[in-house]
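Working notes for the structure below.
Which chain is which? They are A, B, C, D and E, in the order written, and residues in each are numbered from 1.
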């Protein structure tokens, strides 16, 4: 558990999203003016329910919007203070941002090593080979199973391959989308450790999670999104104490405080309007 | 409780090629019971569901629903015997409306064939009207009124999960299999789902088999829990018993919670 | 016995042509998930392009190379203009669109070269060798060699090269591949380029000797479909195996079935490959070498 | 969201416009076909219109285009040099593009032009003619089929021309077995699996019956076949010495190439559509010179000692300079003679109505055709007699179109006795 | 979103939701369609009557394919074979067996349906592209039979058909209305479009009742459908039977109208055209099939009619440039591509938007 306060933000953050608006198929407005920053050397958590727009935000950053017929209609994404224009996904990878998509999305018919090699596709042969060795050092388990078909690995191992594959481009910022989704509580703990490890190796992380307890336990700073807007942000210690966040995301999951049993639910808890 | 056994699963073993997905799994579910299965990914939870459904054919073992043998029957036959199910990643017909999805749940209770359907005026129309009425009851129970005529694809995730439960309920099941009903939902939606599950279980008296990762959800709601890992049963018992079981903590829960 | 050897050779040569066409199907299918009904159009265009260059007195090998370049460019252009917009569309969409492309390519050929038969002017002509009473057409040797070379090249390339792995990754999950810097569009472009090159090689062999080039050259692609399915649409080995099997089966059924079983009707050799394909499909729904789609409940 | 809906509204506006326009177009077209000339359809002032249903853009356009060009040339020349039919009526061709492989396209196009033409001068394709046949009777329109099927001879509403495939085959094979120096050789056929191929086989079988031999083998193939080792080997094993071939040029090249490569050298005789002069410059030209004949009628198209050929080539140079004077051009030009003759007769009788044209075709005697093909005896349908002679050509790469006369005026007794019956 | 405007009139009873023409504009539209049906044969000359007869026949085939592709999600390139079976069926049942009108049509459609049912099992094991190419195999086999089973089909040269649409003395080819004799084309125009209405309505009824929902369930998620008790075997085979029956019915009508059929009639291109019709018209919509069939049948004819005024296009290709046919082929490609990319739901969706737009006009009531 890191109780670190966020490090003092440098003048130009690694990633800044400014007032971003995204529309799918020219009709469905998903992001309605989202702003957030990821300072260099930090872990930032992004919380929110299904459909809040978290994945869309990640797509906007990593250049995957066009294939979903999505479009930025307002605002911008800045990397090192420099606005991204029409960069394609490969170009963004070269700028040092790598993404682990929701559901891991391994190339299931390919071996572990082949998966990792795809992660290093944008790089020349020599640095890619070095990166591969580094990943194997970081995840010795993957070195053991390098020839295994990735689809047959366990959930935890697959998450390792997915993160390792993203790290092959030696990114400065890793976008992690729901790494704990569908994993057993024990494996979730392992994933948290991996995130910490990645950070310790010098890569910043933007962690998108529904498992707020897990995310807030590792991040320095957090944002909460609802309906395409950021409705709360703050250092993680503050967010953990915030009553609204507790009500909607934490329940009694984080130690202390009485948790209402699911058996006791008798009426709807009507959705609270966030005071944004 | 032994006198009211609804489902008896005995010695279930399932292999794919050389991989053993389930080995000697045995458990019972009583009438009106809410029975949960927990375990890590790939432990065989969904495989158990698929065997119950008839999607997979286990190599060894028997499954009895009341005094009916389920093993070896087709999914369609099993559905007609009263086993309904929801899917982990949603099994809805996304281009159809909510009402049509729920009406499909009543498919095996309806008679209209291609021929009478083509003629429409007469039995087909009468049946449509009659079934529409029963579907409206379910729509009311699960509070889906505003969405009736909307294609499922346009609905938020949480509502879709509810529609799937509604469709399963429309089948008038004796046993309802719920595969991760709370996955991907926020706290509020999870609480709603808990309430629906309790209503269905307590007021309609439908027995349920539940697979879920949210431990609080499971521990709070289930009457009994079975923990599985690598296709084997680790423990069966009340929530308190399972929670304290050393092998369960070791394989799944990590820290005792 | 001599006859049988003769048929065997003919079957292998015909099968090699089918293999080349099937390889093109496989490459495009793996990169885009599209069954390319326009391959015949590329084949006939490639044959005409080669004819034209030879008619302009470009040496044969150079003519084939240039035609391959041009046809590859045409393939990439098709991908760029049409197929790129087709990602994620249902099956009937890709069928209709590639068929539309076929019509356009055929019309392009007739606009440029008219309808009359053109003799290609290849160096093989009708030359033959004789071996133990069996006549070996020189062009057949080259056909077999070319498809063997293509198979080995594709097999090694897909397995080990950076691009090959990237192509397989893009086939497996295009979005995930894109997220790691593998642009599926680039991959698709390359695949269509390869299809163009393979089309020229196939087209040159088809139109060689006294056969000549006319619009009917494109029909060969349709005859190669059962071969592609038989082998498995996503397998390079399957393409070659399927091609050879269908080539052999076609020649053998023309040689032995037609005269001995007249009740089957004339030209039963056209139907037998399809019947064989259907039979295999019922046992192995993804072809002899294809990978089954993993379906989870 | 409001922004979005305005965008949508505008698109709908545009779409409505497009829809409305196309509806108008449809309506306009609907009115068009109600042609005013009721009594004498296809005649307007001093112009007679003749229809042509011919493929102009599919693979069979290789036949359809030169046919049309030949027909047009003849009438362009007639209009320019003699002032048209009867010195007065200019003839114009109304051509409609049909799809060879879609028989209903001919029937549709017939409906389109039937009220604007005096008769149909070209219908290409056996299936197309069959498709139009019931309509001809219904609307009393005479049509000229441009395939050489025996069935056409006895159809009321058809004005056929040229030697039927059956007779081409009978005369050619018969010649080979008699004066052609191949007495006693085994006869076989290799034909395209179409009605055209079937007609050719029919002729050879008829001859076999008449001359008392057995056809050793009737092999068939498909247009898109790529390998001919099997059929050619079988023909060789059957000991075939004379093989009647009904194919299209690209297949001819492939078949004869395979035969040449396998060292099999029988006497091949092709029907008229089997030949294309590009083959005379192919790698098998020497083999063709030795082993290949073509069966048709009339003189060699390069024979400038023939007055008819000279006139035809001069007309082509003057009126259709872009068109190569290939076999189909020649056929299109030749088909114009009976049409012209029928129209002359109708003009002379002063009746250009449907009934008048029909009567003219029934009263037509032997037509003059500048010696380009043998004479066709018309008159009443029951008495019609197509040309029963043939010219056998051999390949000569040095003359234009690659064919020189081997023997002209071949007239086998079997050809003379062949009966034509209405199917 | 806009879907909320679905009901234009207040729904009081569940039965109101099941009415065929629910809104006033829809009712007006239905009356208008009947009026057009009555008037059109009187206004069109032989050529356009012929074109619209073919369009009607194509509509029936397209409705059948839409039931298979649009509702059940199975793409078939074998549709031409079933159409052919219907056509030869008409020749046999009417000409040789001498069955009277409704019987030969029913018999021909039934044979098509039964043969289609035999193809159904393949659909159970195969999906997507593999099924497409299997159906291509079916087409090749079908063509082979058409060409070689001479005693039944007349072989390569085809067969004449005299299947009359006549009950007693009432012959569609020789109707008279109030003393005025109608031409054969006019009679067929009435008859064929009445058949389109009848069969379209039947298809619509199937689509909106239990079997229709089951077909769509299988299309969207076959495994989930099984689990709720919808039998894949039953409905996939059923969809093939139904779809082939429609195709065979269309083929029988074609034979009756054309009076001559040959194997060339039932080519790959015909199958492709059917697919294009439902794509352009609207996948999964019955009336979309009709729109698509009419659109694709008439469009080339319209283009020809106006081609005289288009640059670079000549009717016969002698003037250089494109021929009309080339233009048509190119347009065929361009149109399908355009619809697939920009209006995947086809003409039906465009039409729905147009009507919705008019509905929102205050003065449209």
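The definition used in the following text is that a contact is a pair of C-beta atoms (placed from the backbone, for glycine too) under 8 Å apart; a residue touches a chain by one contact, two chains touch by 3 or more.
If you're wondering where the values come from, they're calculated on a predicted model, not measured in any experiment.
Enquirer: Keeping to the contact definition above, tell me which chains border both chain D and chain E.
Expert: Of all the chains present, those in contact with both chain D and chain E are C.
Enquirer: Let me check something: if the centre of a chain is the mean of its CA atoms, which chain is farthest from chain B?
Expert: Result for the farthest chain: D.
Enquirer: What whole-Å value do you get for the distance between chain A and chain B if each is reduced to the mean of its CA atoms?
Expert: The mean C-alpha positions of chain A and chain B differ by 31 Å.
Enquirer: CA centre of chain A versus CA centre of chain C: separation in Å?
Expert: 44
Enquirer: Indicate the whole-number Å distance between the mean C-alpha point of chain A and the mean C-alpha point of chain E.
Expert: One centre to the other, that is 51 Å.
Enquirer: For chain A and chain D, what's the span in angstrom between their mean Cα positions?
Expert: So the centre of chain A lies 73 Å away from the centre of chain D.
Enquirer: Return the residues of chain A touching two or more other chains; collapse runs of consecutive numbers into ranges.
Expert: 27
Enquirer: Check each residue of chain E and list the ones that touch at least two other chains.
Expert: 1, 147, 223, 326, 329
Enquirer: Name the residues of chain D that each touch 2 or more other chains.
Expert: 57, 61, 65, 193
Enquirer: Please give the residue numbers of chain E that touch chain B in the complex, ascending.
Expert: Per the stated touch rule, the residues are 1, 3, 6-7, 14-15, 17-18, 202-203, 205-206, 208-214, 216-217, 219-221, 223-231, 238, 242, 284.
Enquirer: Would you mind writing out the residues of chain B in touch with chain E in their complex?
Expert: Its residues touching chain E are 53, 55, 74-76, 79-80, 84-85, 87, 91-96, 100, 103-105, 107-108, 110-114, 117-120, 124-125, 127-129, 132-133, 136, 149-151, 154, 167-168, 171.
Enquirer: Could you list, by residue number, the parts of chain D that touch chain E in their complex?
Expert: Its residues touching chain E are 8-9, 12, 15-16, 19, 22, 25-26, 28-30, 32-35, 55-58, 61, 65, 68-69, 72, 95-97, 99, 101-104, 107-108, 111-112, 114-115, 126-127, 130-131, 133-134, 138, 193-195, 197-198.
Enquirer: Considering only the defined contacts, which chain C positions touch chain E in the complex?
Expert: Those residues of chain C that touch chain E are 29, 33, 35, 82, 85-86, 89, 91-93, 95-97, 99-101, 103-104, 107, 110-111, 222, 225-226, 228-229, 233, 264-268, 270-271, 274-275, 277-278, 281-282, 285-286, 295, 297.
Enquirer: Show me the residue ranges of chain A that touch chain B in the complex, using the header's touch definition.
Expert: Touch residues, chain A against chain B: 49-51, 154-155, 181-187, 189, 210, 247-253, 259, 261-263, 265-266, 268-269, 271.
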